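Quick heads-up: structures coming right below.
Below are two complexes that have chain A in common, paired first with chain B and then with chain C.
Showing the complex of A and B:
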C-alpha cells in the first residue's frame, strides 16, 4: 500500500520534473528522507534483540516490520535517485543497499524451508554452538562402548586418557556413558575393535562428511556385515557405534544447513553497518553542498 | 540394539550449561565484520575529505566548461564569500559557523555576468535550477524545455506587468510543436522597428533600401566578370560565413578579414554561426564594377559615400592630367559624346568629374541599380538612402548555419522564386519542424533561444587570471 502511494507520487513527479527526477528536488529529497528513515528503522531490530526482556512488542512483529519496511525502502531509494547512479558515493551507497536487500531476501527465503529440512535431514539436531563439544563426547562414548567389551585400546590413547579423566570427575561423567574398560577382550570382539579403529574413530575425528560412514546406506550395509561377524553378546556395542556414527552424520548435516541458514547474516549485517555510514556521509555531504 | 543414544536426557546432559556465555565463531565474525563494515566506509570517506578530493562524493563530474576547476569545489561551493541560499539562510544564521555550501547565484556571477531574462518576471529561478551541474560532459546551456514551460506554459501567471509577446498568441507555449507561435521578424529600424509574424496579413515586407532580385541572380548564363563568360551563381557566392571566405569566386579584390568592426551588428561571439553580411567588394564588384571611364578601366570608383567618390574622382582625374596634358586641347574627348571647351586644368577636371558622377549616379545601371538615390534641391551630389539591411531577422533566437551546412540553402530559403526585395526569405516554423520534432532533431527551447538577454557586445577581455581561477599560489 505504502509502495503504491509512493509510486503514485513518483510517476507524475518524474514526468514533470524539468531535469528529470533528482534527489535534490523537494519531492526527491522527501523520498530520500523516507528511505533513510526506513533504513535507520531496520537497525532497530538489532537493538530490539539486545533488550529481549523489554516490553517492546512481539519479536515476530518486529521481524515483519524489518522485512516489509526494508523492502519498502527499495522503491523509495530508487525514486530518490531517479533510477540513476550519480557519483561514486551515491553509487556505492545504492550498490551496498541493493546487496543488503538481496542478502536479506535470500535469508528470508532460506528461513522458509531450511528449518523444516533440517528437522528431517538431521533429527539428532543439537545446539549449533555445542556441536564440536557434543562430537567430542561422541568420540568418548564410542571409545567406552568398544573398550567395555574389547579392553582398553592403546591405539586410541587420547580417548582413553580423556575417558579416564572424565570418569574421575563426577560433573563431567554425567555427560558420557561412564562405562569401565573390560579387563580382558571378549571373545570374538576383534572385528568390533578393528571396525572402531579403522572406520568409526577416523570418521568421528573428521568432518563427518567423508568416509564410509558418511553415507547412511553404506553405513547400514557395514553394520549388517559387522553384526554377522560378531557374537550376539557384542551386538549392543556394535549398535552403539552405528548409532554414534549416525548422530555424527546428523551433526554434519545440521552444521552445513546451519551455515546456510545463518551464513547470510555475515554479509547482511556488516553491509548494513557500512550502509549506515555511507548513508550518513551521503546525507550530510549532499545537503551541505546542495543547500 | 543400542543401549544409550535414544535417551533424550543423555543428549541434554551433553550440552554445556554455560555455552551461551562463550564466543562462537559465527557471532565473533559477525561482530568483527560489522565493525569492519562501519570502519572501512568511514575511513574511505574520511580519506577523501582529508585529501580534499571530493570528486568521489560529488554526484557526477562537472561540465566541460567548469572542468578547469578540477577538484577545487570551493570555486562554486565556498564559504563565507558566498551567501547561503534562501532555503538554507535561516538555518545558517542559527549556526555559529554556517556550513551550507550550495552553489549560489552569487558564485555563478563571479564569473558569469549574465543578463536578466525579463524584468517583469514574478519569480526568477536560480542559476543552478536550470543549469544542472554534476551531470557529466554536458553543455549547461542546453536547458530542459520543461524549465521554460514552467513560465511560458502559462505566461500571464508569471508576469507582473505587460507581456512582451507579439500578438495574442505565444502565451501558453509547451514546446515548438505545441503553442509556439509563428516566427516574428524585425521589420524596419529605429523607433519604427516592429516585430511581425511571418504569417501575418499582409505579409511583412523587407524594408531594406537595396534592390535585389534573387530569382534573376540565380539564373544560368549571367554575364560575369570580364572574360569569365556566362556564370551560374550559387547562394554561397554572396552569402558566406567567415569560414567560407576563401571561396569567393567572383571578387574583384581579396575579401577583407571580418572583424567586429566590419560587422557591427553582429555579436562577436556569435559571428561564426551566422552568414557574413554581403559586401560589394567581395560579392558584387566582380560582376558589377564601378567603372566610370574607359581611361580608368582598372580603377573602379570606390563603393562609398558620394562625397568620398567625388574626392576620389577629382584625385583620379587630376593625377591623370599630370601625365596626359594633351587632354586639355582635345575637345573631342567627352564621356557623353558632347564637345567641351577647356578653359583650364581645373575646369577640365571639374568637367570630367561631373561627367563621371553623372554616369555613376544618374545611370540606372550603376549605383541606382541597387541603391536608392535622391537629390536635395540644389545639391550636386545625391543622398544614398541607408540600406537598412537587417543582420538578424530573428534576434530573439540564434541559429548556427554551420551545423546546418549539409542542407541546401533553398531547403529553408525560397530564394529562387523571389523577385522582389520586399520578400522576406526567412523559413517558417513548419520548415524547422520538418527536422526538429519529437523523435527527430532536438526541439528543446534552448536549441534556438537564450534565456539571458544579450544587451551588447560580449566583453572578450574578461580580466581574470588563470592562477586565481585555479587557486594557484
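Showing the complex of A and C:
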C-alpha cells in the first residue's frame, strides 16, 4: 500500500521534473528522508531484542515491520535517486543497500525451510553451543562401550584417562555410561576393536563430515559387515558404536545447517552498519554541497 | 440420612454406613477380629455378628444399614454364637502364641478371654499338606518380620493391609479349607519375596503370626540411651499421666531394650542442649523426631526470606547485569495462607516474623522421622533443655499411646487450630466464637501412606483440612484414574459433596503419613448457616471445582495418544512449545527469560518432542503438580492463579527439583550471610540454594505474555493453555487432510 502511494507520487513527479527526478528536489529529498528513516528504523529491531521485557509489542510484529518496511525502503531509495547513481558515494551507498537487502531476503528465504529441514535431518539435535561437549561425551561413551568388551585400549589413552577420571568423580559420574573395561578381551572382539580404532574414533575426533561413517548409507553397509564378523554376544556393543556414529552425524548436519541459518547475519548486520555510516555521510555531504 | 435402631437406641447415619460404624456412633462396641478400620471389611471371622431380624445373623462390619432396621448387637444368644466362633478359631491357634507370651496383646486370645471361650473345646483341624513350593510353617527369612503360620487365623487383615493400604500386592492366600495359608509372592519365603518391609502387615496382624523382629539396625549417633523403666515413668505434659501410657511395658521392653529383640535398642535417646545450641537445621535430611522433656526451644527459618526477583525492565533493565541475586520480601502484607509458613512442628510460623517457641511436651520433626522429609526449620535450645530424640520405631510406639495422642491433640487444638482454620482462605472469616465451638468438636484422624481417606461415590459426611502430610485427590475415569491435585498442610477437601448434598466426587488418598482435621457434616452445615460469607465463598469454590471437573472430562475424553500420555502432556496446563518448523534456534527466548529473571533463565531450549513441537524445559503448571509433594515448608505452591510460585521462604532443600518429573525446577546457589555458630555474635558468608521455576513472568504484569513468547521474532514460541485441546485439534486437522 505504502509502495503504491509512493509510486503514485513518483510517476507524475518524474514526468514533470524539468531536469528529471533527482535527490536534490523537494520531492526527491522527501523520498530520501523517508528511505533514510526506514533504514534507521530497521536498526530498532536489534534494540527491541535487547529489551525483551519491555512492553513494546511482540518481537514477531517487529520482525514483520523490519522485513516489509525494509523492502519499502528499496523503491523509496530508487525514487530518491531517480534510478541513477550520481557520484561515487551515492553509488557505494546504493550497492551496499542492495547487498543488505539481498542478504536479508536470502536469510528470510533460508528461515522458511531450514528449520524444518534441520528437524528432519538432525532429529537428535541439541543446543548448538553444546555440540562440542556432547561430542566429547560421545567419544567417551564409544570408548567405554568398546573397552567393556575388549578391555582397556592403550591406543585410546586420552579417552581411557578421561573416562577413569570422570567415573571416579561422583559429581561427574553421570556424564558417561560408567562401564568398566573388561579384564580380558572377549572372544571374537578383535573386529570390534579394529572398527573402533580405525573408523569410529577418527570419525568422532574429526568434524563429522569426512570418513566412511559420514554417509548414512555407507555407515549402514559398514555396520552390516561388522555384525557379520562379530559373535552375537557382541552385537549390542557394536550397535552402541553405530548409534553413537549416527548421533555424531546428526550433530554435523545440525552444525552445518545452523551455520547456514545464522551465517548470513555475519554479512547482513555489518553491511547494515556500513550502510548507516554511508547514509549519514551521504546526507551530510549532499545537504552541505547542494543547499 | 438413614434412621435405624440398635439395641433400642435410635441412630441416624448417612447411607452406606455399616452396622459396625453405626453402633460405634452410639457407643456400642461390637467385638470383631478380622475387621480393622479403615480396611475394607471382609467379614471372614463373623465374630461381629448381629441380629437384624433376618433368618441368619449378619456380620456388622460388612452389612450396610437399611431404613428402619432394628438391630440387636448384644445379648446372650449373640454372645454364645460369638464365643463359639472364637473357640473354633482358637482350635487352630497355639495358645498362648508368641505374641501373647511376649506382649500379652494377642487380639484373639484377649477376645477369647473376654467372651469366656474355652480354647480346648474343639480339637485342632487335621493339618493338610500345603502345596506351595518353599512354604514353611515358620518363616524366619525376613530381616524384620517373623512369620508363624501356626498362629495365623487367615483373617485376611495382612492381605488387605498389603494390597489395599500399602499397595504392595505381596501377600495373598493359597490353598483351600483348612489348608488355606497366607503366602508371599505365591509361595516364596518372605525374605525372598518382593516385600518392601513397610511393616503394614505386621501392624495389622491380630495374633503372633507376623511379629516384629525390629524395624531396623539404625542407632542414634549420640545421646544417652533411656532405660525402658525410665521411659515408662516419664511423665507427659500434665506431669501426671505417663508419656507411654497404654503401651504394654513388656512390649516396650521387648521392642526397645537390649534384653528383648535388641534391634531397636538405642532408638530413643535423651539429649541435653545448652541455650543457643542448634538441635536441627532446616534443609538437612534426617530420620528422627524430637520430644521436648524439659525447657523450651526456638524454631525459626534462617534462610533469607527472599527470592530471585523478576526485573520489570526500564532503563536500569537495559543495562542489566546478568547476575543472580536475592532480593528482599515485597509482599509482607499478604494475608491468608501466605501469611503463615507451615513447618514440621505443632505450630505454623508467621511470615513477617518466622520465629516461634516450642515448649516442654511438644513434638517436632514428625514428618522427617516418618517420611524422611528434609527438616523444615532450624530449632535451637531457647534455654538449657532436655529432649528425647527418637527413630521411627520409637515414634510409632509413642504415637500408639492414647495419652500421648491426647496430648498432641490437646496441643493442636489449643495452639494451632485457630491459625490453621484461618489459614484456609475460605474460612478466614470464621468468628472466634465458632472456632471455640469447633475446638473440642473437630476430630484429628491419622492415615497411613496409601490409605484411602474417602472414596469417590461414597456419601459425603465430613469436611477435611490437612494438618500433616500430603493427600492425593483422584477421579476415576474410563481408562484410569486422573490425579486432580495434591493437598498439603492447610489444603482442604470434601466440601463439594457437603455443599451440593451429593456423593463424593473424588477419592482422597494419603500419600504419606497424613493427619487431617475432620469437621462433621453437621458442624460444617452449622458453619455455613452462621457465616453466610464463608458459605458464599465455599459455594463459589465448589462451583469452580465442578466446572473444572466438567472441563477436564470433556478434554480428557478425546485424546488417547500414547506419546501424549508418555510425555506427561496431559498434565500440562500451560505448556511452552517451540514450533521447530519456524524456530531458527536463535535462543532469543532463553535470553529473554534470563533478562526477565535477573540473569537466571528458567527455560532451556531442550526437551521432548511431539510432532514438530519441542516441549521446552520450562514449567508446565501441571494438573498433577508432583513438585508440591514433599516441600517441608509449603513454599512451592499455587496462589489463586495457574502459575507455580516458589515463595520467599524456600529453604533450598531441593525436594521439588527432584520431584519434578520433567526437570523443570532448578536450584541456584546464592551467597548469603548467616549467624556463625562457631563464633557467636558474628556472621559468615555461606552459599544457600533457592529453587527457581517459570512463573509465567507474572511479576512483569498480569496482562503481559511470558517474555519467551514476546521475544520470539518468528512466532515459534507459544504458550498453550490447553495442550489436550491444542494437539487434539491439530491431529484432527491432519486426519482430515489425509482423507
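Operating definition for what follows: the second predicted complex is superposed on the first by the 289 of 291 C-alpha atoms of A that agree within 3 Å, B and C clash if a C-alpha of one lies under 4 Å from a C-alpha of the other, contacts with A are read in each partner's own complex, and residues count from 1 in each chain.
The criterion applied here is as follows: a contact is a pair of C-beta atoms (placed from the backbone, for glycine too) under 8 Å apart; a residue touches a chain by one contact, two chains touch by 3 or more.
Everything numeric here is computed off the predicted structure, so don't read it as measured data.
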After the overlay on chain A, what do you see for chain B versus chain C, clash or fit? fit
A:127 contacts which: chain B (first), chain C (second), both, neither? both
When the two structures are overlaid on chain A, which partner does A:33 contact: first (chain B), second (chain C), both, or neither? neither
Mind computing the angle chain B to chain A to chain C from the CA centres, in steps of 10 degrees? 140
Taking the superposition as given, does A:262 touch the first partner, chain B, the second, chain C, both, or neither? both
Is A:161 in contact with chain B, with chain C, with both, or with neither (first, second, both, neither)? neither
What is the contact status of A:2 with respect to chain B (first) and chain C (second): first, second, both, or neither? neither
Contacts of A:233 with chain B and chain C, given as first, second, both or neither: neither
Check whether A:87 is in contact with chain B, with chain C, with both or with neither, and answer first, second, both or neither. first
For A:276 in the superposed arrangement: first (chain B), second (chain C), both or neither? first
Between chain B and chain C, which makes contact with more of the residues in chain A? B
Lowest C-alpha to C-alpha distance for chain C against chain B (Å): 7
Is there a shared patch on chain A that both chain B and chain C touch, and which residues make it up? 126-128, 262
Could you list, by residue number, the parts of chain A that touch chain C in their complex? 45, 49-55, 58-60, 62-63, 111, 114-116, 118-119, 123, 126-128, 258, 261-262
Looking at the complex, which residues from chain C come into contact with chain A? 311-313, 317-318, 580-588, 591-592, 595-596, 604-606, 609, 612, 697, 700-701, 704-705, 707, 709-716
Chain B touches which residues of chain A in the complex? 16-20, 22-23, 86-90, 92, 124, 126-130, 133-134, 137, 141, 145, 174-177, 235-236, 238-240, 242-244, 247, 262, 265-266, 269-274, 276-278, 281-282, 285-286, 288-291
In the complex, go through chain B and note every residue touching chain A. 1-6, 11, 13-16, 19-20, 22, 24, 26, 29-30, 33-38, 40-42, 45, 54-60, 73, 77, 84-85, 87-88, 99-103, 130, 132, 134-135, 144-147, 150
